[in-house]
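For clarity, chains are labelled A, B, C, D and E in written order, and residue numbers in each chain start from 1.
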């Protein structure tokens, strides 16, 4: 029982670590993107200021589902983050860091947010949710096919074990290199997952006035910001563990994490936003073909670099 | 219920300016839509009747905030037409420089504005950086960043400051050198092309039906229908420049024409700087103190090629100290009101703000 | 911070302390509402972009009133806009601040005798900071924001409280100028 | 531009040969104005449209209150011949009404709506010219008529700024009220150009 | 009590309910509750006894003809307990809906008759008896469905069911031919692995497909489910469709798969291959998933949407059963449970809404949550399970199915499976957003209220069970292991709380409790912060404009318009095919009528005599 409590405390610690890490890195990234846009950019801790400011405001609510959805969203995401291994040996619940738990438990958070947004009674929010779900339909399938390849090749779906397997193969024996087509697909899918342009159709301020977020203010928005930061932490960490060889120690983890997130941010800062059906068509064209090709040559032909 | 109602503006990030598009949407297709204008109505036409001729000089740039100089020019031309004034040669060239800088400024702004609806904020930041340089040049010439009150009936307010040519040249060279970069970042970007290619069409028939002018028309009819060419004012007949045209009237063609006009404007300014003679820059419009200026009886309609098309002032004078009636033809009036009602329906919701943006709908000149 | 050793702090004091902490966050992260009510909005892009880079102060544009902290009334307000402005202001979550731009919001400016434009903004909504000028330079715009931050720091940016306390007065003024604030017509079913 | 004079001549011939024109005014080589009777407006506009003046640039009105008349102005433009043509006609002020030119120029829809809103001229044939467009809940006579005084309206509806400190006159000899009245009378003087 | 007695008693209760219903509609409906509860409890006792190793002979036959033999197998118990439970839960809804039918007494009787038929199918070991009860269920359904909205739906249901029944009949004849007996197990064992076995498998598959609504025999299902009376839709979807799964297990597990690909391709690669028949069924299952998902996304009627989701979930069951193995089969069986519970709960929730509003069209509803919060929660839990999200039962089964798919490296099947899994998220969310959330529409504001207790009770029980299956699946998995042992498949490795898949370990209890901890933390954050101000639903962001009509602010029609547009041209292929087929049949009928049934009776008589003479030629 005490063991269990300690593990859960450790899990909360992981979630908190993820939040702090991602929020700081997001602040730094805002500065980097600012430099691309020929300006200074905000302070590196601006994201913290924003979140705490939002939490300090007096907000409005549109009924109990509006609040309940937010709680469910944040709760689901915190719960998901608690399973996340930080390095290949440091995690709260060893042995249970199954890939599918992340993919599906994250969906609880999404569902909570979608519910809450629709519960606000604003059609723009519902449109935003519709677009978010449609985008999810687009990027998830190619990504899952790539992960299927990895799991089929290694015989495990535990993130930490996958990390250890990659590290055991020597330097840079990462799946992003071993499965180059799959690596490309994973990067593109990750951009979709993180809601980076050109795939961020669901926030689209100019079309639907920031979509699902349209009715949020104050603490609900603050909690959704926290949720967003932890979601990004989960998704980027998934990529690091699955494709970049996990992490031997916490420093490597932070470096890899920072590199992935910054690279994606820089890429996305020179793209515009596609339309939602263009996103779906895009993902079901090249990434899916590449992912299936990769899976075939890796599983049936055994060609792995 | 078959439809839901969505709004684009006035308080909406996708709407440039304070106007509202009411859209009835089924799924994501707009079924009916109306523009609700009037949020920027200030009673300009009434106000001008109540101001002296000289006071109107400070009033008219405020008609359209994004492009004050064309207002000044059209007003000045209308007064000059009624009063039959001959403007000094140098003033014509200075006016052209100012107008072309204004055109550069607004083309940069609206090209950067393409970044808003499509989410390419980097483009917006870059374009606004360059526009800010233009505003600084304006500040050096006129003392104001936005409302210059520089082109006045009878010429321009004062001569160009000494050494401003250097600033202008360095800015123009800089802009020209980064022109290709702008194209690569904006309309050559595949993610932007996916949004503006083969969509948001403005075919020829629609152009004639609505009475759209400017780039919208030129990109559809493939003829150089530019007032600077068709009925040259100032000294545009002595300057060599091309009018970019196209016959495939999608949003891409319009943005492309806009970008090509940037190059033309750069060339016009350079030619003006070379050809500009020395001399006076202003003649008084009538005798006596400025407060007692009068303009003879008459009607005039003066129009200028603004960035969005024909921008005209209809002016009636009864020979007094005030204009008797001034009417403003906003360049985006046709596509803004009738176009939104008739041709925005059928568009996707995603494209609505891009539609407004690439058609060049500017609400202050609709409302006045 | 909370020294409860000898004299426990009263509830008011604790609230005040929390409020001060909140103020620190609020003034360093002012989100403004993208509502271009008039022509002074044209000087906002330079303030936002590279020339002055508002984001250094933690300010940024926001899409909807629920998310925003600062309402920028950029210039003259026609009656039509005022209706929507009041509606938008009431939708914002508290604490909220208003910055009035240009002489038009102070006394009507160049449109003081127009039939469509109101003369004095702070009769209808409480204004915390005015930025004078027609149009105000970008420098003065930025200065106005810094002033607002100082006001928040000194707890003087209390317009939103005033709107609660003197709500009847504001409502009466609105009614006098506008008739009804929320109109029904063919555009608004 | 050798043939541009012939453009205006062409227009003059075109219109004057077929219709009785009250007054022709050649403003410059690119602009010409015809004053015609109300009945001829539509046929002249149809003629011009078939002759290439396909763009309606502007439509508005002028309030000649002394003659108790409105003057409606149509400005059409031909991009190939580059002549702006003003067609002006006078209407009785009390029952100002002229048929819409919607069948000829579809683009006139909102111009007519606006002219009705600001002058009160009726445009039968335009389906919804009577709806309010720019103004909202307007409760006075149409504002662009000459007998409408916007200052009066503004003073009635919108309170003006009350200055706590009187910056005009600090010693208190002249009250605020007097100072304001003096300013107004000065302004009135200016408005009439100094002539009493 | 023996199975025989149970069936007879059920049939008698059906007649009782009919006469009771003639006397008083509500009392007749109450009899259905008593009857189905009685059957469920009896089956439960039976299951308990069997698990304890009782020696009581349930199979004895006293009153029925001799050939009607029964065998209580684990598989039969598994299905029977699930299906009777769904029947029992749904029966609570019957009294509240009797007003809406033209013939309430008939409805009640047929409801119980179909229950009896289902029992017969699951417990008999005689092929002809199986066929008889199979038809019994079909005919009961045939007469119930037109009591709802559409008569055409019943015709289409009958057409496809008849196709399935005839396929079953031919399979029975082949087995009888080979084995020489009508015994189910002997028949299946005798043909397994032979050429006749292939035919039997195909025919049984057709039967299973038609009952399960799998591609390409799926078109009847949405029409029937969507148009059936509100309380019968959950039975159709949660219980009767599972007959198809039962037949599918007979065809896919009891019969050895055919077409050895490993020996053909195995030498070229290290990868392992399944049998060709497994691939074929899995691909059809995958197509079912994709078709069901795409069609469900398009629907406007919430019940039709759920019906298509049943199609899609039937695809999952087929994929799992065709892959087989301990993980696949366990996943399939668990998915049968999870889907039965979830779809019954979801249908009941929609039914509860339709009862007060009179419609189940999403474009006409909105904001029901404000008056029916418990119904909303029931639906929410059901769809979380349907979308396969922890901590609900659907996650366990989908996890197992994913493990099986990945372990066998079925890439294209995986595309469909993942697509269906995310797609289910899309379509189940739609009723949630359009029907329960969004603006509260004025026309339903007064009518909507919390349903009566006896309607809430089954919904709440179902919801709790859905949560239970998601948090503590191991007891049920233990039972499934027994079933699989009977079917001759290796058991799934389960610990006290954990499930061991080929690629990893799942600890559902841990997942659920960690999720709970997360929600608790979020709740604490929420509660310590400043209280929010409550505003109305119409006080929303409208870009500063004013709007007063709720309907104009409610996004419900064409919800997924952008994605629908991508495939709407291609989606109706099967419908078009059947429409063409129907036209051909009608044409043929006209031709027959033209030739044979003319105005002159003597011609008709002549042809009848000729045909009878032709048929009797050999025998005379």
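Operating definition for what follows: a contact is a pair of C-beta atoms (placed from the backbone, for glycine too) under 8 Å apart; a residue touches a chain by one contact, two chains touch by 3 or more.
Computed from a prediction, not measured in an experiment: that's the story for all the values here.
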Mutual neighbours - chains that touch chain C and chain D alike: B
Chain occupying the middle, per Cα centroid: A
Intercentroid distance (Cα basis), chain E paired with chain A, Å: 35
Inter-centroid spacing, chain E versus chain B (mean Cα positions, whole Å): 64
Centre-to-centre distance between chain C and chain B (centres being mean Cα positions), rounded to whole Å: 31
Mean-CA-position distance for chain E and chain D (Å): 73
For chain C, residues contacting two or more additional chains: 35, 49-50, 63-66, 80, 83-84, 88, 91, 113-117, 183, 187, 189
Overlap residues in chain A, where contacts from two or more other chains coincide: 37-39, 56-60, 123-124, 127, 205, 209-210, 214-215, 218, 275-276
Chain B residues counted as touching two or more neighbouring chains: 4-5, 10-13, 22, 28, 36, 38, 41, 43, 46-47, 50, 125, 129, 348, 367
In contact (per the touch rule at the top): chain pairs: A-B, A-C, A-E, B-C, B-D, B-E, C-D, C-E
Touching residues on chain E, where the partner in the complex is chain B: 363, 542-545, 547, 549, 551-555, 557-559, 561-562, 564
In the complex with chain A, residue positions of chain C that touch it: 21-22, 25-26, 28-29, 31, 49-50, 53, 55-56, 58, 62-69, 91-95
Residues of chain E that touch chain A when the two form their complex: 269-271, 367, 369-370, 373, 376, 380, 384, 387-390, 395, 398-399, 402, 405-407, 409, 411-412, 414-415, 418-419, 422-423, 425-426, 429, 432-434, 437-440, 502-507, 510-511, 513-523, 525-526, 529-541, 543, 553-555, 559-560, 562-563, 565-566
Parts of chain E lying in touch with chain C, wherever the complex brings them together: 539, 541, 544-549, 552
For the chain C and chain E complex, residues of the former touching the latter: 35, 64-66, 83-85, 87-88, 91, 182-184, 187-189
